[in-house]
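Presented below are the structures under discussion, each in the form of structure tokens.
Across the two complexes that follow, chain A remains constant while its partner is chain B and subsequently chain C.
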Partner chain A sequence: MAALEWQLGTVTTIQPETPKTKSFYVALPKWAGHRPGQHIDLRLTAPDGYQTQRSYSIASPPELSGQLELTVDLIQDGEVSPYLHDVVMQGDQLELRGPVGGYFVWDVTVGGPLLLVGGGSGVVPLMAMLRHRAAQHSTIPARLLYSCRTPDDVIYRDELNQLAGSVAGLEVLITFTRQAPAGWTGYQRRIDAAMLNEVITPFGTSARTYVCGPTLLVESVANLLVGMGLPADRVHTERFGPTGS
Partner chain B sequence: MARLISRGFLGRRRPPEVEKRLPPGQYLVTDFPVLSAGPTPHTPLDRWSFRIDGLVKSPVSWSWPEFQKLPTETVTVDISCVTKWTKLDTKWRGVTVDTLLKGVEVDPAGQYVMAFSDGGYTTNVPLNELINGQGFVAYEFDDKPLPPEHGGPARLVVPHLYFWKSAKWIRGLRFMDRNDPGFWESLGYHIHGDPWKEERYSGD
Partner chain C sequence: MNVETADMNTELMVDGNAIAGELEQIFGHDMTMAVARCAGCAADSMMATLMAFVRGPGAVLRCPSCTSVIARIVETPTATYLDARGMLYLRMTHAS
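Presenting the complex of A and B:
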């Protein structure tokens, strides 16, 4: 396989998603395409040659050609995300390579029914899948169960509302773990067995599931899904962060 | 390609004694991130075994109690994950591959090993990078039983390679005469995975 070459992209748009999350649209003249769920490696270089790298999930679907959307959570004591949030401006160049990862991927050829479970910024690669599904006018039944702390923390809120209202066969279910909007009648707790059971019931154990979020959420959800009888090879996971946090 | 200087990026430097222990492109963590493909298996210890098979004269297998009786070593090593984090001075207790291979007659053609795990995970390592103290099967981390999400009850530890080579939930080693790719190696990751050469992906 040919090496994944580093390439220069240009930041075309920076869009705040939540108070601590921004999306960066990066134009890439040489991008060869990706599958929904894959990520890129980003490399920053200081004037003295010091470099560091991070991986970020791709939020945009393959159908958005010529550019990628990267949605980045601000980690207060981080090295790279504060730079992206506070320093990078439209027109800046970013060095990246990819796509990377061939496991946590879904496209319409994989089929369904499709159950996506995300926590916090874990929704980012799942969004690439939903955007791809919509762009393909797929009617594969799909559900997104999305755990957020507060209404302010919902990434892609307007677009999710719009997708859920306009795309056939898609349901978006949000659960608020700290504070729900006034008048909220949906879920208001951490994802548990009863909630997963309700969400997966229409699909049964044939669902293809993709779970992305903080380690504790992913461990818990993946264990529950296996306990419900889903074959482990249909429970795709992507974890971030340490145990116990 | 002309090298890009990232406008306004200064970076967070670590003290030189730390910086020199970080392979290229890696950053330091003090917590212990969890990266695994798929759900965490929970195999009861009374159904656990460790097997050496493939190109060997006779396959061998240990039950959990038998495995616990094998002589162990405690090592403190730095580990680097291909997702960019490096953790220094991690302390493990386990059985070296050298110890496991005592009494196993390996076919001279069996120069490659596939580690295999509960849940179907596999990863390939050349035999000459597992012996002479380079690889071991660990069941304690930081003086405590290895937690399931970090690969317990037992995982392979090959600290000089990216940590995906250190197969979680390991159940055995299979000797092969070819360097067949394992799970991640079949999905675009490097066949070898040396962090100091930054062998992250195929073609690196």
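Presenting the complex of A and C:
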């Protein structure tokens, strides 16, 4: 198998998603394709040779060829994300390698029913799965439970609304943990056992679950799901570490 | 740091997915689904599910069951060091 090689991509579009999240479209002439849920390693090199790298989930589905969408949360005291947010411009080059990871991966061949649970920017790899599902016109039952602090923090809000309204068998449920929009009748608390139980009920313990977000949210949700009787090998987890604020 | 958590180590912890690239660089293929048996408690865990601490000079992987150190990986400008004495074995299923 070919070694994982660093390659140069060109930033073609930068799109703000929320006040602290931006999507970067990167054109990659040598990209060999990826599966939904995989990520890339991005490496920055300073003029003095100092290097640092981070891994970022791929937001775009495999069906978008020739380029990747990376959605990056701004970590205030971070080393890489402030550079991406504040310095990188359209036309700049970025060095990355991938795709990496095979564990946190879902495509239509894996089947369902599919329960996706995301917190904050943990929605990014889940979005690649939902975009792939839509591009394949799959009717595999799918639910996304997405935890956000406030309405301003909902990444891909318009697209999620549009997908939920137009794609068969998909439900998007958002819970707001700090402040909900006026007139909100949905969930307004952290994800807990009662909420997970309601969300998973139509699928039961046959659900294939993918949980991604801040470490503490993932720990809590994964433990609850296993406690509800889901086999551990159907609970896939990816921990992003600290939250962005 | 999230003010709702007091424990910085837990807050900064990620999992084996975060070093999938480093592992693939060392082993030549994806390792996230390879299973490591912990030398401390004999629990089997996929590499993706190991607790990972990646903000130091190297990466430390710990067992999610007993928190023993399973492996340490350090990259220097000239070499990669892998200390895997915390695992009894690593099981890599053949590609089908």
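Note that the second predicted complex is superposed on the first by the 241 of 245 C-alpha atoms of A that agree within 3 Å, B and C clash if a C-alpha of one lies under 4 Å from a C-alpha of the other, contacts with A are read in each partner's own complex, and residues count from 1 in each chain.
Everything that follows uses one rule, which is that contacts are C-beta pairs under 8 Å (C-beta built on N, C-alpha and C of every residue); 3 or more make two chains touch, one makes a residue touch a chain.
All of these numbers come straight from a predicted model, not from anything done at the bench.
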First, second, both or neither for A:Leu4, with chain B first and chain C second: both
Chain touching more of chain A, residue-wise (chain B, chain C): B
First, second, both or neither for A:Val226, with chain B first and chain C second: first
First (chain B), second (chain C), both or neither touched by A:Thr45: first
Chain B versus chain C as contact partner of A:Gln179, first or second or both or neither: neither
First (chain B), second (chain C), both or neither touched by A:Arg239: both
First (chain B), second (chain C), both or neither touched by A:Gln136: neither
Contacts of A:Thr150 with chain B and chain C, given as first, second, both or neither: neither
Contacts of A:Gly102 with chain B and chain C, given as first, second, both or neither: both
Doubly contacted residues of chain A, that is, touched by chain B and again by chain C: 1, 3-4, 41, 53, 55, 100-104, 215, 237, 239-243, 245
Residue numbers on chain A that touch chain C, as the complex places them: 1, 3-4, 39, 41, 53, 55, 97-98, 100-104, 214-216, 237-243, 245
In the complex with chain B, residue positions of chain A that touch it: 1-4, 6, 8, 41, 43-47, 50-55, 79, 83, 87-88, 92-95, 100-104, 215, 219, 222-223, 225-226, 232-233, 235-237, 239-245
Chain A-facing residues of chain C, complex: 1-2, 4-5, 10-18, 20-21, 24-25, 28-30, 32-33, 46-49
Chain A-facing residues of chain B, complex: 1, 3-13, 24-27, 29, 31-42, 83-84, 119-120, 147, 149-150, 183-184, 186-188, 200-204
